[in-house]
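Chain naming follows the written order as A, B, C and D, and within any one chain the residues start at number 1.
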Amino acid sequence: MHRQMEDHRSSAFPAFTRSILSRLPHIVHQTKGEAFVFPATGSAMWEAALVNTMNPGSRLLAPRFGQFSHLFIQTARALGHTVDVIEEPWGEVADPAKIEAALAADTNHEIQGVLLVHNETATGVTTNVAAVRAAMDRAKHPALLLVDGVSSIASLDFRFDDWRVDCAITGSQKGFMLPAGLGILYMSEQALARVEQCTMPRAYFDLRAMRTNNAQGYFPSTPALSLLYGLDEALTMLLDEGMEQVAARHRFLATGVRAAVNAWGLRECAKRPDIASDSLTAVVVPDGHDARKVIDIAFSRYDIALGSGLSELAGKVFRIGHLGDMNALTLTAALGGVEMALVDAGIHVTLGSGVGAALTCWRTPGK
Amino acid sequence: MHRQMEDHRSSAFPAFTRSILSRLPHIVHQTKGEAFVFPATGSAMWEAALVNTMNPGSRLLAPRFGQFSHLFIQTARALGHTVDVIEEPWGEVADPAKIEAALAADTNHEIQGVLLVHNETATGVTTNVAAVRAAMDRAKHPALLLVDGVSSIASLDFRFDDWRVDCAITGSQKGFMLPAGLGILYMSEQALARVEQCTMPRAYFDLRAMRTNNAQGYFPSTPALSLLYGLDEALTMLLDEGMEQVAARHRFLATGVRAAVNAWGLRECAKRPDIASDSLTAVVVPDGHDARKVIDIAFSRYDIALGSGLSELAGKVFRIGHLGDMNALTLTAALGGVEMALVDAGIHVTLGSGVGAALTCWRTPGK
Amino acid sequence: MHRQMEDHRSSAFPAFTRSILSRLPHIVHQTKGEAFVFPATGSAMWEAALVNTMNPGSRLLAPRFGQFSHLFIQTARALGHTVDVIEEPWGEVADPAKIEAALAADTNHEIQGVLLVHNETATGVTTNVAAVRAAMDRAKHPALLLVDGVSSIASLDFRFDDWRVDCAITGSQKGFMLPAGLGILYMSEQALARVEQCTMPRAYFDLRAMRTNNAQGYFPSTPALSLLYGLDEALTMLLDEGMEQVAARHRFLATGVRAAVNAWGLRECAKRPDIASDSLTAVVVPDGHDARKVIDIAFSRYDIALGSGLSELAGKVFRIGHLGDMNALTLTAALGGVEMALVDAGIHVTLGSGVGAALTCWRTPGK
Amino acid sequence: MHRQMEDHRSSAFPAFTRSILSRLPHIVHQTKGEAFVFPATGSAMWEAALVNTMNPGSRLLAPRFGQFSHLFIQTARALGHTVDVIEEPWGEVADPAKIEAALAADTNHEIQGVLLVHNETATGVTTNVAAVRAAMDRAKHPALLLVDGVSSIASLDFRFDDWRVDCAITGSQKGFMLPAGLGILYMSEQALARVEQCTMPRAYFDLRAMRTNNAQGYFPSTPALSLLYGLDEALTMLLDEGMEQVAARHRFLATGVRAAVNAWGLRECAKRPDIASDSLTAVVVPDGHDARKVIDIAFSRYDIALGSGLSELAGKVFRIGHLGDMNALTLTAALGGVEMALVDAGIHVTLGSGVGAALTCWRTPGK
C-alpha cells in the first residue's frame, strides 16, 4: 500500500481493476455473478445489497442472534423495509427449521429476502448457511439469500455457488487483513437480474453505474487506491495460500484458543461446540465479574485489544479475534496477556494454563 | 499512514477522533455546526448531504456548468428529487442573477436547496459562492445552500461561516493530499436542524447515528483508520501552514500555469480570467486537434497524468491539476512534459516557452 | 527511516548532524569526550578504537570469556598488536583481580590498553565494568579501557563517565532497535588526546578527518542517511523513556525469561545469577541433546529466530534475545515457541510452564 | 527496504546472500573474480582494495584531475604507501600516454598498482579506462589497475572483464539509487590472488574472513540488512532494464543537460565534449560570480540540491547530478530551478532557454 497513487483514469488502469475484480470471486468460490468494491465499509454493503435488490417497502425475514444480525435488520428497517424477525438466544445461530416454517407460511411469497449473518462477531458463532439454503429450498420459496460474511469471508470456508447465496457482504479489515475502508459485495446472477428494475432511490451504491464503469475497467467515482493496492496484495497472498488452507489455518488456531478457554475453566458464549466460530471466540466471565474490567486491564497494562460484549452482552463477555494475519505465536502472546488481565481482574486462572493448552494443540511435530 | 492499526473501540480512541473532528472546521473557517468523516468518497457526500436534509421528492435548484455540477444534479434526481436546472455554457460559472430570479419566482418557497459546485473540476472555473449567497439573501429565500468543494476545500479560500454555506462536501484525495477513501461533510446549524425530522430513508449516511457515536469519540461503523491517520497529519500540515497561506500558494502556482498556457498561444476553457480556477487549469486544444492524443502521449511517453475533457468537452480540453502537494518545480516538470506532448501531437508550441513564462512568475528574488 | 534522502552537503544538514551527535552521549551518561557514528558495524568500531589510540605493535591485555571477547582480541592481533589473554571459562565474566595482577606485574607500563566486553552476547553474561576500572586504579596503571558495549549500550546501564571508559563501542542493531549498518564509538578525553599523535596507518576510520568534519556538522564521506534518520528517532524514543527506565525495563523482561528457563528445569550458560545478562539469555540444553536441533525447529516450524551457540558452545546452547523493541507479550510469544521447539526436539518440558512462570513475573497488578 | 529484518544467521539466509553476490557482477559485465559488499561507503572501498592487495609501503601510480582522484591518493598515502602522482588540470582526464611513460620508466616493476578514477564526480569527466589499460599493456607492466567507479558503476558502461580491471570500487548511493551505507568491491582473479599473502595489517576490511563467510552464504559481521534488501531490489530493476539500456538512458539524459548549459551560454568544467560525463555535469559560472551563491539560492528558494565546487573549484562550479532514479521530467524540474537560481544570482540567462533546449533533446516522437 506504500506506493505512489496512480491515475485512476489512465489507459493503464483497467488492467489493475480487472486483476482485482477477477480474483475477488475466488475467495468465496464464486463462478457466476459478479463482485464489487466500494470505498466504504462492510456495513455499507448491507445497504448496497438492499437498495439494488429490494423495492421500497419490501418484506424481509431475518433471524436475530447477536449485535450484527440486529444491525443488519436495523439497516433494512431504516431503508423502509418490513422485517419479520426470528429471535434466537445470543450464543445460538439461525435455526433452519424456523426459517423454513416462516417461508412456508408465506404462501403469497411476499417475503423478498432472507437476511443472514454467517459468522456473528458479537457472540463467536457460525451459522450453517448450507442448512439455511436447504430450508429455503424445502419451503420452495423464491426469496433472495443475503449473507453478511464480514467476519467469515477470506477466513472461513464460504461457498457462494454451492450455498446459492445471492448477496454476500464483507469489508477489507477482517480476513483481507487491511485497514477498514473498502466494502466488498458479491452478487449472484439472480440478484443482478433485480438491479435494473429495482425502484429503490439510490445513487452512491447504485450498481448500474458501477457495472457500466467496471466493464470498462474504471469506477464511477474516485476509487480508494491505497486500499485497492492492499487488496491486490491480499488477494495474491490468500489465493497463493489457497482458500481451503486459509480456512484450515483458522480452524487450527481456533482449536488452540478454545483449549485455552477450557483450561481457564471459563465457558464460551457459543452455546454448542459445533457452532463455535473459527475466526473469533467470545468468552463469558463468571457471574459477579465485569468483562469490561478485563478488557480495560488488558488494554492499559498489557497493550492487548480485546473485543467487548455488545448490547445485551455488555460486561458479560470479552472477545478474542483470531482471524487475518495471525499465527500461533501472536495468539500465544494474546492468550498470555488475557491470562494476566484475568488474574488482575480477580478471576482466578492458573498463569500459563491456557497458553500451555493452546501450545499442546499448536505443536506440530510432524510438520 | 504507515502505522499499525489501533483498536477503534478502545478507551484511547476518542482523543484521536476528537483531534480530527475539532480541527476539520478550521480548514473552511467554520465555527458553528459540525464536520463529519465517512469511509466513502466526495461524491458520496452529495448523497449524505441530501439524505439528511431533504425529504423525499423535494424541489431543488442548480446551475449546471460542467460535469461535476451535472453529476451533483444527477445524484439528487436519482434520490427522487426534482431539480430546476439553470444551464450555463461550460467554461462559465453560476450566475447569481439567474439564481436570484429563480428563487424570487418561487414565492411559495417550494425550493428546498440550491446545489452549487464551487470549483468545477471539469472546466477549471471557480464560482463566487459569496455572490450566490448574496443573491439568495436578496431573494429572501430560505433554501439551504449545498456546496461541492471537492476541488476547492483545503486548496482555495473557503468561508463556510461568512458565505453561510449549509452543507459543504469534499473528499480526501485533493486538497488533503491523501489517497481517496474519505468523504468529508460540513453541516451548518440550519442543516443539522433538519437531520432529526428528515424523512428520507437512509442508513449508512444517516447523521443521527454518526452524531451519537461521534459525541462519544467513536464511529458507527469501522472507520478507515489508515486514511484517518493520514488526515490527522494533513490537518497538521495545512493548519501549520495556515489556510490563507495555502490559498496564496495555490494562487501563486496557478499564475505560472496560466502564463504558460498563454505563452503556448492556447486558451483556457475558463471563459474569463476572473473565474479561472487556482486549483486546476483546463486547456482548449486548437480546432482540428484531439486533446485525447495529447493526454495519451503525455501518459505513455512522458509519464504525466493529465485530466481529460469530460462529456461535452471530450477531446477538446486537457486539464493540468495544480492543487495539493505540489510546488513550482513539480509543476515545471509537468509543463515540460505537456510541451513535449503538444509538439508530438502536432500542436505547435515553442519548447521551453511555457516553462519560461511560468518560471518568470515563480522566480522569487525577494524570498 | 522512510523518508526522502536529503542533501548531506547542504547548509541545513549540520543541524541534523549536531542533533545526533549531541544526544548520543546521553545514552551512556557521557559528559566529556565525544561520540562518533560511522557507516559500518559494531565490530568495525573495535578497529576504529584501536587504530586511533594504539601505535603499531602495542601490547594489550584482555580477558576472554566468549566469542565476542575472542573476536575483539583477534581484531587487535590482526592489526599487529600483542594481546596478553586472561582465559576465563565461557559463562564466566572478567575477573578484576586477575586484571589487577596482570597490570601490577607490568611495572614498565608496556600495556597500552585493556580490551573488555561488557555484555558477552555469546554466553549471556555481564561484566562489572566498574569493578574492572577499580582494579586498574588499584594497580595504578595508565592503560586505556576499551569496552565493547554492542549488546549492552542503549539496553543496560552504561556509565561512561563513572567507569572512566576510554573507548566504548556499539552498533545500531541492538539497543538502538535499528537495522545494522551504523557503528558508534564513544571516546574519552584521554582517548581523544591519543588520536593526533597515533602513528597507526589508517584512513576510513581516522578520527582526525571525522572530527574536522563533525565540527562543521558534516561527515568526511557520505553518511548512511536512512540509518541516521532511524538513529535520530531511536534517540528520541530512548531519551524520552529515560535510560534508567530503559535499563529497568530490560531487567524486568529478563527476570521473566530466567524464571521460564528455571521452570523448564534447564540451566543458563551464565555460571552465577549475579552475572546473568539482562539483554539476552543463553540456555544450556541437557547432555545428549543438540541445541542446533532446537534452533532449527524453532525457525522452520514456529518462525522464531533463536541465537546459536558460537564456537565452543556450538550445539550446547541456544540464546533468547530480550533487548530492544520488545515487551512482555512479544517475549511470551517467543517463550511459547521455544517450549514447542524443545518438546519437538525431545527435551521434556511442560508446555505452558515457562510462559506461566514468566507471566507471574510480568503481571503488574499495581500498574 | 521497508521490511521486517530477518535473522542473518538463519538457514534461510544464504539464498539471499547468494542472490545478491551472484548478480552484482552482471552490473559491470564481470565473469571472473568476485564481488563483495560491506556495511561502509564507497570511499571505504578504496581502503578495502588497498589493504587486501598492497603490502605496507608499496609504490603506486595515480593521475590526479579532481577531488576524488585526490582523495584516493590521500587514502593510499594515509595507509603508508608512496604514490607517484601525474597531475592533470581539473576538467581533464587521465592521460594514457603519461601513464604508459611512467610505467615504462619503472623497469624494476616497483609500482604495484595504478589508482584511477573512472568518473570524476568533482569535475564531471569520464576517463577512458580501456585506453589506460591499453597503455599499461604497451608498457608491459604488471601493476594492478584499481578503478574508482563510485559515480559510474550502475550508471555508465563499465567493462570489468574487457578492461581487465583488478579492483573496482563503488557505493550504494549513486547508480544503485539507494541511501548510502554499502560499499561494493569487485576483485579480479589477479587481485584475489594477492589477498592471502598480503601482509598489510587489517581486520574489518579483510577479504579472507569475508570470503570464508560468503562461501557459506553469510557475512563475518552483521550485514546492513535494510540496505541489502534495497540492493536486492535495485539489482532486479537494473538487470531487468539491461545495463546497455541503463547506460543509454544516462547518455540520453546527459545530452539534454549539456544542451541546457549551452543554451544558457555557460561552459562545462569538462574541457572537451568527448570526456563530458553522462552521470553529472559541472557548470562553470562566469568570472566575477560565486557558484556558492547559485547553490545557496537553489537550495533555500527552490529546494534543489546542487553539488558544490570542491577544493580548487570552490565557488567556480556547481554540479547537476543526472544519475540514478531520474527521468527527463525530474531533470526538467531541476533545470528550471537552476535557471531561476542563476537569474537570482545575477547571472543572465533567458528563463526557459535551457529547459527548452533540453526538451528538444528529450522529445521522443518515435517512441
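The rule is short, and it goes like this: contacts are C-beta pairs under 8 Å (C-beta built on N, C-alpha and C of every residue); 3 or more make two chains touch, one makes a residue touch a chain.
Keep in mind the model is a prediction, meaning the values are calculated, not measured.
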| item | value |
| --- | --- |
| Path length in the contact graph (chain B to chain C, fewest steps) | 2 |
| Of A-B and B-D, whichever chain pair has more C-beta contact pairs | A-B |
| Most distant chain from chain D by Cα centroid | A |
| Chain B and chain D, separation of their C-alpha mean positions in angstrom | 48 |
| Between chain B and chain A, distance of the C-alpha-averaged centres to the nearest whole Å | 35 |
| Residues of chain D touching at least two other chains | 2, 300 |
| Chain-level touch network, classified as line, ring, star, complete or other | ring |
| Those chain pairs that satisfy the touch definition | A-B, A-C, B-D, C-D |
| Complex contacts: residues of chain A adjacent to chain C | 2, 300-304, 327-330, 332-334, 336-337, 339-340, 343-344, 350-357, 359-360, 362-365, 367 |
| Chain B-touching residues of chain A, taken from the complex the two chains share | 1-2, 5-12, 38-44, 46-47, 56, 74-75, 78-80, 171, 173, 179-181, 201-206, 220-227, 296, 299-300, 305, 307-308 |
